[in-house]
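Accompanying notes for the structure given below.
Note that the chains are named A, B, C and D in the order they appear, and that numbering of residues resets to 1 at the start of each chain.
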Amino acid sequence: MKELGHVSLKRPVIVVNFKTYLESSGKEALALAKLCEAVAHETGASIIVAPPLPDLALIASSVNIPVYAQHADDVRPGNTTGHVTLENFRASGASGTLLNHSERRIKVAEIHDLIGLARSLHLATIVCTNNPGVSVACAAMGPDAVAVEPPELIGGDISVTTANPGIVSDTVRAIRSVRPEVAVLCGAGVKGRADVSKALELGSDGVLLASGVVKAKDKRAVLMDLVAGLR
Amino acid sequence: MKELGHVSLKRPVIVVNFKTYLESSGKEALALAKLCEAVAHETGASIIVAPPLPDLALIASSVNIPVYAQHADDVRPGNTTGHVTLENFRASGASGTLLNHSERRIKVAEIHDLIGLARSLHLATIVCTNNPGVSVACAAMGPDAVAVEPPELIGGDISVTTANPGIVSDTVRAIRSVRPEVAVLCGAGVKGRADVSKALELGSDGVLLASGVVKAKDKRAVLMDLVAGLR
Amino acid sequence: MKELGHVSLKRPVIVVNFKTYLESSGKEALALAKLCEAVAHETGASIIVAPPLPDLALIASSVNIPVYAQHADDVRPGNTTGHVTLENFRASGASGTLLNHSERRIKVAEIHDLIGLARSLHLATIVCTNNPGVSVACAAMGPDAVAVEPPELIGGDISVTTANPGIVSDTVRAIRSVRPEVAVLCGAGVKGRADVSKALELGSDGVLLASGVVKAKDKRAVLMDLVAGLR
Amino acid sequence: MKELGHVSLKRPVIVVNFKTYLESSGKEALALAKLCEAVAHETGASIIVAPPLPDLALIASSVNIPVYAQHADDVRPGNTTGHVTLENFRASGASGTLLNHSERRIKVAEIHDLIGLARSLHLATIVCTNNPGVSVACAAMGPDAVAVEPPELIGGDISVTTANPGIVSDTVRAIRSVRPEVAVLCGAGVKGRADVSKALELGSDGVLLASGVVKAKDKRAVLMDLVAGLR
C-alpha cells in the first residue's frame, strides 16, 4: 500500500459508510467500528469508517483506524448552531470527511472551499459523485479521492462493477488524465470479494459501501470477504 | 421544581448551547459538560447541555444531566448519509433536541413532524423562535418548550431581558393563553444572575444561552452565578 | 361574496395553481388565464390564477382577475439574483402569492416575515399546509388564507373532501376558534362541482386545485362545473 | 463575431443581469430590456439580458435579443409548484440561463444535469463561478460559458479587471487548456469601456454586469460606453 495525500487515505481502501441506519448507530456504531478496526489490524487492510455524525467523537476516541464524517457544512465554527464543521471534526478526532454524498449533495463552491480548508487542517476529503462528468469536475478541485456511485444502484443488490463497469473505468480514465494523484473509488451495491476485485481491476483504488456491511447478518465474515478482494 | 412534559425538561431551566465554538468542541465540550453536571448536582439546578453534534454520544455517555442535540433533520434513519435524525439521537443517548435555532431554521411542516416523532421517542423538543408571532405559531404545535431569541441580540453583550423585556413578556402571555403547558424560555445576550432573575420575573421558565458560558474565562463562576438567578 | 382582507381574495374562491406543467406554461399559461378570466366574468365567480413564475408579469398584464405567484423567497429586492421577491411580484402586477406549498415548503420565520411584508405591500397570502396542526400554526401568523392539502392526495383522482373530509372540517374548526378572519381553503384531488360543494359544506371558503383543470381536455367545461359548485 | 455553441451566445458579449433590483423590475425591466435591444441593434454588439424571473416571458415576447433566466431549479415541469424549470423557460421564450450565480449557488450534480438538459432544449448556459478552481471544475461539465466573479467585488466600485486581473487571466488560461470551446466571461464591479477592453485584453470573451447598468442615471450612455469597449 502506498501512502496517499497528506493524511490517512491508504490505497487500496474500503470505506464503510454507516449512514444513519439504526443497525450502525449508537452502541451498534461503536461495535461495528471496533469490528472494522479488528479486521484492519488482523489483515493489514486499509479500512475507513464513517459513522453517524452524533457518534463521531465517541468512535474516534475508541478505535485506531481512520474515522471520517459523512458530511461537512461549509460554515466556520462559532455562531453556527446545529451545523457540522471541519474544525469540529478535527477537535473530535476525525481524520477526514465524505463530501457531496448522493444523499447530501452540496454546492460546487462549497466543495472547493471545503477541500482547501480540509487540506490546511490535515483532514482528508472523499468527494462522492454520480457519473464521469461530475467526477472530473470534482477531481479538478483536488480532493484526496473521488467516489463515483450511480444513485440508482445505491442500496441495491447488484454491484456497480457488474451493472455498470463502464462508469467506473470511464471515471478512472478521465480522472487519471487530469489529476492522476486523486484516488478513484467506486460504490453502490458492493457486497463482497468479487465486487472489490473487479473494482480494482477496473482501475479504481477501492470501494465505498454501506448496506452490504451494515445490514449483513455476519458482519465480520462480510468484512473478511471484502478484504480478500483487495489482493 | 415541577416536572415538565414526558421526559427531562425540569423548570426552571438553564440550557447551555455549545454551538460549534472550538472553545466547547471535542475535549473542551466534554470538560464543559462535566462542569455543567457538577454545578447541577451541587445546586440541584436544572441544566441542559447541547454540545456540537459530533460530540453528542460521547457526552451523553459521560454525564448524568440531560444532553440535547442542537438540530434535527426531518429524515428517517437509513439511507440518509450525513443527516442527523431523532432516532440516532436516541440511540446515542440524547434526551431531546433544539429545533429551528435562528442559525438553523427549518420548515414549519418539519417542526410539526419532528415534535410528534420526538414525543413518540420520549425525546423533548425546544423550538427556538424570533418573536411572539412565530412563538405562538410554534407553541400551537405542542413542543415541550419554546425559546424566544431576537436574532439581533444573540451573541451580544446586552441581555434580551434588558434590551427587549416586552418580547419575553408578550411571548409568555401569548403562549400561556393558547398552550399553557408549553414552557417558555428566553435567550440572547444572557450573561448572569440578574438576567436569569429578570427572565423568571417576566414569566418565563428559564434561559437559553451560549457565549455567556462558552466564552467565559471562569466558566464555573458564571454557571454558579446563573444558577443563583433561578432562586 | 364578501371582501376578504386588504386586497383581492373574495370568498368563496377557486384558486387555479398552474404549477410548472407544460400544459399551462408559456402560451398555454396565457390561454388558460384568459379562460379563467372569461369564466369569472361570465359567472361572477371569484377565480384566482397562479401561473408559472416566468409567466407572471405577462399574465398579470393580460387578464383582469387576481394573479398570484406560486412561491416567494424571503429576500429583499436588489443583490439577489435568481430569487423571487414580493416587491418584484408587485412590480410585475401580481395581487398575492401562495406560500409554503407542499412542493415548496419554507421556514416558519420566513412565513411570518412574508405575511407581514405582503400586508404592507397590499399583496394577499395563501399559506399551504398539510394537516390541522400546521394549519393552526400558520393561521396564527395572520395570512389571508390557509389552504390545507394532504400531500398524498395531491395530483390524485380522489378529492380530499371525499378521501379525508375530517381534515377539512378539523382545520376549519381549529382556525375559526383562533383566527376567524383567516379564510380556509382545501385542496388535493379536487375535480368538479361535487368536490367544491362538499368543500363549502365542510365549512371552507373554497378550493385550491391544479391538475383537475390543467390536465382537463375541456378546461372551460371543468371550470364551469367547478363554479357551479360554489352555489 | 463568431457564433458560439448551439444557440445564441455570440462572442464577445455583454450580459446584463437585472438581478431583482426594483430599478429593473416590472415596467422598468421592460424599458431596460428595450434599451439594451436598441443599443445592440444600433451597434451590432452582442447583448444578453437576464431580467427578474417574473418578467421573463413578458420581456422575451417584447425584445429581439437573447433573454436569459437568472437561475434554474433542477426539477422537471409538472408537480413542482413555485420552481423555475428549463422547460418553462423555453416555453416562455428564453434563450438560455445563468446558473450558480454567487447569490444563488447550486449543487454540482445539478449544474451537470442542467447543462446537459439545456443543450437538448437548445438553451445556452452561463455558469457563474468565484475563482479559477471552481471555474475549471464547471468548465469541465461543458457549459456554453463560465463567468468568473469574485463575490467580494460584486456590486462594488472597482472592476475585477483592475482589482484582480490575475483571477481573469488565470481562469482564461486554465479553461482554455481543458475546454477551449467554453467561453470565459468575467464580472464584478464592471462599469465602463475601460473595464470591458481590459476584460478582452485579459483573454476573456466578455463581461457580466448588473449594478453598473441598472443603477446608472443614464443607462443608454453606460451601455454605449460598454459596447465601445468591445472593439
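Things worth noting here:
Note that in this section contacts are C-beta pairs under 8 Å (C-beta built on N, C-alpha and C of every residue); 3 or more make two chains touch, one makes a residue touch a chain.
Keep in mind that what you see is a predicted model, and the values were worked out from it rather than measured.
Between the contact lists of chain C and chain D, the overlap is empty. Among the remaining chains, not one touches chain B and also chain C.
Relative to chain D, the chain whose mean Cα position lies farthest away is B. For this pair, chain B with chain D, the centres built from the Cα atoms lie 45 Å apart.
Taking the mean of the C-alpha atoms as each chain's centre, chain A and chain B sit 34 Å apart. Computed from the mean C-alpha positions, the centre of chain A lies at a distance of 37 Å from the centre of chain D.
Counting partner chains per residue, chain C has residues 102 touching two or more of them.
Interfaces, counted as pairs of touching chains, are A-B, A-D, B-C, C-D. Chain C makes touch with chain D in their complex at residues 17, 19-22, 25-29, 52-58, 61, 69-71, 75, 77-85, 87-94, 98, 101-104, 154-155, 210.
Across the interface of their complex, chain B is touched by residues 100, 102, 105-112, 129-131, 133-134, 136-138, 140-142, 178 of chain C.
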